[in-house]
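Look for chain A in each of the two complexes below; its partner is chain B in the first and chain C in the second.
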Partner chain A sequence: MQQETIGQERHIQYQNLLNLVGDQRQETEDNKPSLKATRMRSIINSHRMMEAYREGSRVAYVSEQFPSELAFAFDMIPWNLESMAIMLAQSVDVDKVFKLTQEHQLSRDICSFLRGPYGMMMENCYPTPDFVLTNTQPCEGLSKVGVLSGKGYKAPVLALHAPNTVDEDSVNYLVKQMEQMMSQMEEGLGIKLDPDAFQSVVESSNEAREYYNKTVQLLQTKRLPDVSRELQEIFGMNYFGVKENAKICKVLYEEALQMTEVETEKKKRVLWIGQVPEESHELLEHMRKVVDIVYWAPLWDANMMMLDEKEPLKSIAERAILYHWDAERTQVETSQICDDHEIEGFLIANVWGCRNVMGISQVLRDIANSKKIKHLTINIDLVDRNNYAFNHVKNRVDAFLELLQ
Partner chain B sequence: MNKEGAVQKAVADVVDLHQNRFALLKAAENPKIGWVTIYTPEEILLAAGVIPFRLTGEVGMNITESSAVLGNNYCSYVLSCLGEGLSGVYDFADGVIFADACDMRKRLWEAWGRDVQANTSYFLEFPNDASDISKEYFASQLRNLIKTLERQYDCEISDEALRKSIAVCNTSRTLMQRLSQYSKGGQKVLSGHDAIQIVKAASTGLKESFNTKMSTLLDALEASEEPAVSKQHRVMICGSYFDHSEIIEIIEGSGADFVCGDISNGVKYFEGNIDLNADPVTAIADYYLEKNTSSYRLDTDVRVEHLLNLVEEYKVDSVIYYALKFCDTNLHDFPYVKEKLKDEKVPVLFVEGERNTTNFAGMKTRIQTFLEARMF
Partner chain C sequence: MITAGIDIGSLSTKCALMNENQEVIGYDVVLTGGSNTAATEEVYEKALNKAGLKRDGVGFVVTTGYGRENIPYADKHVSEITCHALGMHITNPGIRTILEIGGQDSKAIRINEDGHVDNFHMNDKCAAGCGRFLEVTAKAMGVELQQLGDISQQSENTVKISSTCTVFAETEIVSLVAVGTPIPDIVKGVHNSIAARATSLLRAVGLSGPLGMSGGVALNLGVVKAVEETLGTEVYIVENPQVRGAIGAASIGQRLT
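Moving on, here comes the complex of A and B:
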């Protein structure tokens, strides 16, 4: 497609987005983020969104745990299809989007984190992509959304298949796929990959990861309000590979370090497992009054992995495999998280349509039982409010919080 | 016995392999290993002297226990299979192979390993495309499977043994392809129910018996009078795991013919053949990856192209898109597949059900209405 045409399209798409979401954002009791790192991330996020709608920008739709380093190596803006669903959740006009998907005969049994982006694309709110880059994490549904979005926008879809097994064959298989993907990007963009630029991306990724890991370590023993949430956001944003992300991680670490010097009231810690609602969600606000919420996803081993700067693709491949929710690995990792973070409760958020969380819930409950940790599994929908009523869930959450006291 | 009677008896003999499968499998001396997706390389298991049989979820009517393990909003085929495992239906088998054909089957593998004590579970990586890189990787995974089986059964799986088992499976496929020629030509020689039961008989793992009985059936058909060409409306079913004679009966009771099932209990199981002249492991890997036109295949266009080819080959008038409730990949694909069929002016009806659905009244009304509008 001609750049001018894409530019015109993106201008319209940006206006559509503002109409749908921006002008109708719900008011929350306290919108002001407490952490400097959070404010920085908001600015960077806004900037990247604006950039993605600009003519001449290179935009790649990516799935949740796609190795962003590959996109950044080609100076592309990764547009995370799923995390944009959270933005949708903040819109009061969410029904309009879901109605569109239903009219298009997309089943309501599909996870709303996937129906949301689908509807946004039907509303023509997302910027036209140059590429769709997808992998099999965290689920096959998201890969399908990626592929179908590529067909809708007539953009090339480049996909990775991440196996479940960590062994040499599987790592080499993924490395070959990434090499092929990069050569397809070179061909599509008509440029050669600059090895120095890729090296710099890998270094930035590692720099961010170093601060990220140090922050996680601080969180293990100290109560650091909002820090776990910010780690969750950094994980969800998946911006590893650009200098701005390294700055956010550094600032977060420095803030966390300062916070360790102040004694704060200790609360019981609950591990939030599964998809996460937007920060101002009523359920989180309700729970935070009583317990400290620690988010599960940012603490996975895959998130702690530093890249081998001499063989980056190999370590990116290993990380990609580790991102799979393999039951055996999850059991080991989650047990360790419980020990390291002194977890006393599990809240398993079973979002309607998310088969992976549902399928692995029993493993998680087994861990909780073996460690005498209280657990609660709730069936909710964090995006589509037609599938969720706070009052129903609140009764169960209140009973769970009582048990914890 | 007249010629028509001979055909009916031959059909019953083939179908008996499935209907009596538990007794037949238990009586067989060879070790038995189950599988849950048609992309499992049965040839390798046969070469190890193992009988590879499909888990159908057919007797797993009670899914209360499996729902507690995996969740209520889950694929009912997967829940039924786990239900069968938990209630000891497959205790006669040494193990079950779970090829990575969807996220829920992967979770089934994990649950099986954790909760079904009687047999082992083996996970087989299965790429979702057919690139050269994926073929090479899948071949490496098949070699790992061979090593595991060699260790488990203290045997050597030679190239010669693999070629022999490939030849046996190729024969099964060729026989089913010959039978489907009648349907392609509009000659109705079997009910839709029998057509599905025959494919299920092929997947019980008793390959030699199947081949003998199928040859008898085809001989009986060839010896009987040339069947007339049916002028009825021609219906295809595609989508998730499908095994509902009741739905076929609704179609046939409405005056239409069920001519093709683009399903795992239909043409998807017996399409193509494995190259006997190539390196056997490479040939098996290539065959299964290229054959995958299910919703698990990432690029939906591969599925659509395959579907449209079948529409042409079988001269299909209408398509029923059957999705198991919560079968995500099929649910995702539907709007796109529907549009592509619409472009080709092929009407499609979306029907949702469960593995062991018992109430078909609602479906009956919808299917009859859909067909009536197109038939008369």
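Moving on, here comes the complex of A and C:
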């Protein structure tokens, strides 16, 4: 059988698997299956990860919120440097990785979301990249890890400098950088960008975003278990631009719509701000018994922005600028989120060493105070267990939950 | 109905028994030691003896403190922030801000006119400024913990303790003792250090209205005076400050039954 035929067949078979796994048995008293979108996403993640290790794949390390559309336009697999940290957090060998970073004198004051992945690279767990694509927001530390990884793997590092304010000059400045980046990728990969492929990526991104936004709207007033979490995962995955992502977003929306027909207990809503633990983290499980958790990051304006299909680079540039944690914009945006989603409490998770969250925390507390929203700031570590003990944090969280009742 | 409040803390475990008139009819304090369940049994029995009661005379048990979920016969677990708030409120309803310094943590709590918590702030990750800090520094100076308050009154010059860490502060104190620095001056420095950290907590939570102090460290009048001097305001010391959390817990039991 021709390889091309096998390849086509396998593509269809992969789509079939997604559809099959998406539909599962009914919920019973003893068993609560996860959302269809969650099950599909786990298959897609596995598939993409395996693809990244395959000879012949094109891999680009990307920093958080890097416009993945640029990578997908070249049929590259974006490998999110930071998001692997949560996978590491669940590993038995997490301490081994951190010890390695200490032996190489990486300060423990650096956020474990950076130290962890850096340690994983030192353990030679990451696939060798073809490119490192990074940007300066929101985390400069992450862009530095990108530079270090480029040096380590001898891969070209292409960086976007995103200005802080949205205006014509800054958008054009960023567009020029992206155009330059794309021609450097053409040169490095030895291929020309296919405009139709890029257009298709932009359309897929928008298709996913449309369903994503509709789901966010449903979430505003309805209690939809696990939906906010799934939006958080989709945001973290940042696969806007591929058809599978549009599929997940569509499936999530359809399932959320069905869920609106069922009355669920209307628990008080807490906005989780900052880094997010893995789904089964004891802190989340403890809080979910009492409150409905809504995640902050997926609700940012930048995450709901549609791209202009006629001038996609301009809107990608605008979106990249909006990702900056500008204090004034954050204030307006977060206030709106509180009003739209009936938020009654803030939990600000300061991950040890994260200057960004520490810096913006006071702005968020001011918002909470002005809106008479109860708030709690906890200092935790979601990856390095040497910096965190549940019992220590639980006391504060319990008092906060009592305060909300 | 008689209710029991048991506060299982890191250094000490406290029990208070309360009647339907919100009166404390018996209480006691024991060191927690290595087993908080054993300490709970001991303090519960002692409080019951003082009240002339048996266990079946108690209708509802509320536990608080770090060990609150280890007690299987508890009817309810409540955080000590909520318990200290109510414990202070039933004694002095005019208090609006509470400073509670315990064995291993300090809390600043703002409460409303009903004794409910409006906001709170705790020290983080570190025992500096807490009872444990005083214990370590007392040992380093070769004095008894209970004497620290009186000793600091004899100070003529204040020494600044620059370290924010209990362990490093201990090293600093050992050095000061070695060069012959008067002990009262060092003690005063330690108290000022605690007052400085407490002030930050109170300002973070928003100091509003009369300030009350509870927790074991409130028994140290040197610390109380240092807090008053730093803030420029009088501090109300609640009766039985060490047991206030347990009293609040017992009061919660009364409200629920």
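Here are some notes:
The rule we apply is simple: the second predicted complex is superposed on the first by the 372 of 405 C-alpha atoms of A that agree within 3 Å, B and C clash if a C-alpha of one lies under 4 Å from a C-alpha of the other, contacts with A are read in each partner's own complex, and residues count from 1 in each chain.
Note that in this section a contact is a pair of C-beta atoms (placed from the backbone, for glycine too) under 8 Å apart; a residue touches a chain by one contact, two chains touch by 3 or more.
These numbers come from a predicted model, not from an experiment.
Judged by the touch definition given at the top, the superposed model places A:K374 against chain C, while chain B stays out of reach.
In the superposition on chain A, contact of A:V363 is made with chain B only, not with chain C. Greater residue coverage of chain A by touch, when chain B is weighed against chain C, goes to B. Contact with neither chain B nor chain C is seen for A:S335 once the two complexes are overlaid on the shared chain.
Residue contacts after overlaying the shared chain place A:Q15 against neither chain B nor chain C.
Once the two complexes are overlaid on the shared chain, A:S200 sits clear of chain B and of chain C alike. By the touch criterion defined above, A:R396 lies against chain C but remains apart from chain B after alignment on the C-alpha atoms of chain A.
Under the contact criterion defined above, no residue of chain A touches both chain B in one complex and chain C in the other. Only residues 66, 77-82, 105, 116-120, 122, 124-125 of chain C touch chain A when the two sit together in their complex.
In the complex of the two chains, the chain A residues touching chain C come out as 374, 379, 391-392, 395-396, 398-399, 402-403. Across the interface of their complex, chain A is touched by residues 68-71, 73-75, 100, 102-104, 106-107, 110-111, 113-114, 123, 125, 127-129, 131, 133-134, 136-137, 140-141, 144, 296, 298-301, 323, 325-326, 328-329, 331-336, 338, 350, 352 of chain B. Contacts from chain A toward chain B in the complex involve residues 104-107, 109-111, 114, 136, 139-141, 143-145, 147-148, 151, 157, 159, 161, 163-165, 169-170, 173, 176-177, 180, 326-328, 350, 352-353, 355-356, 358-363.
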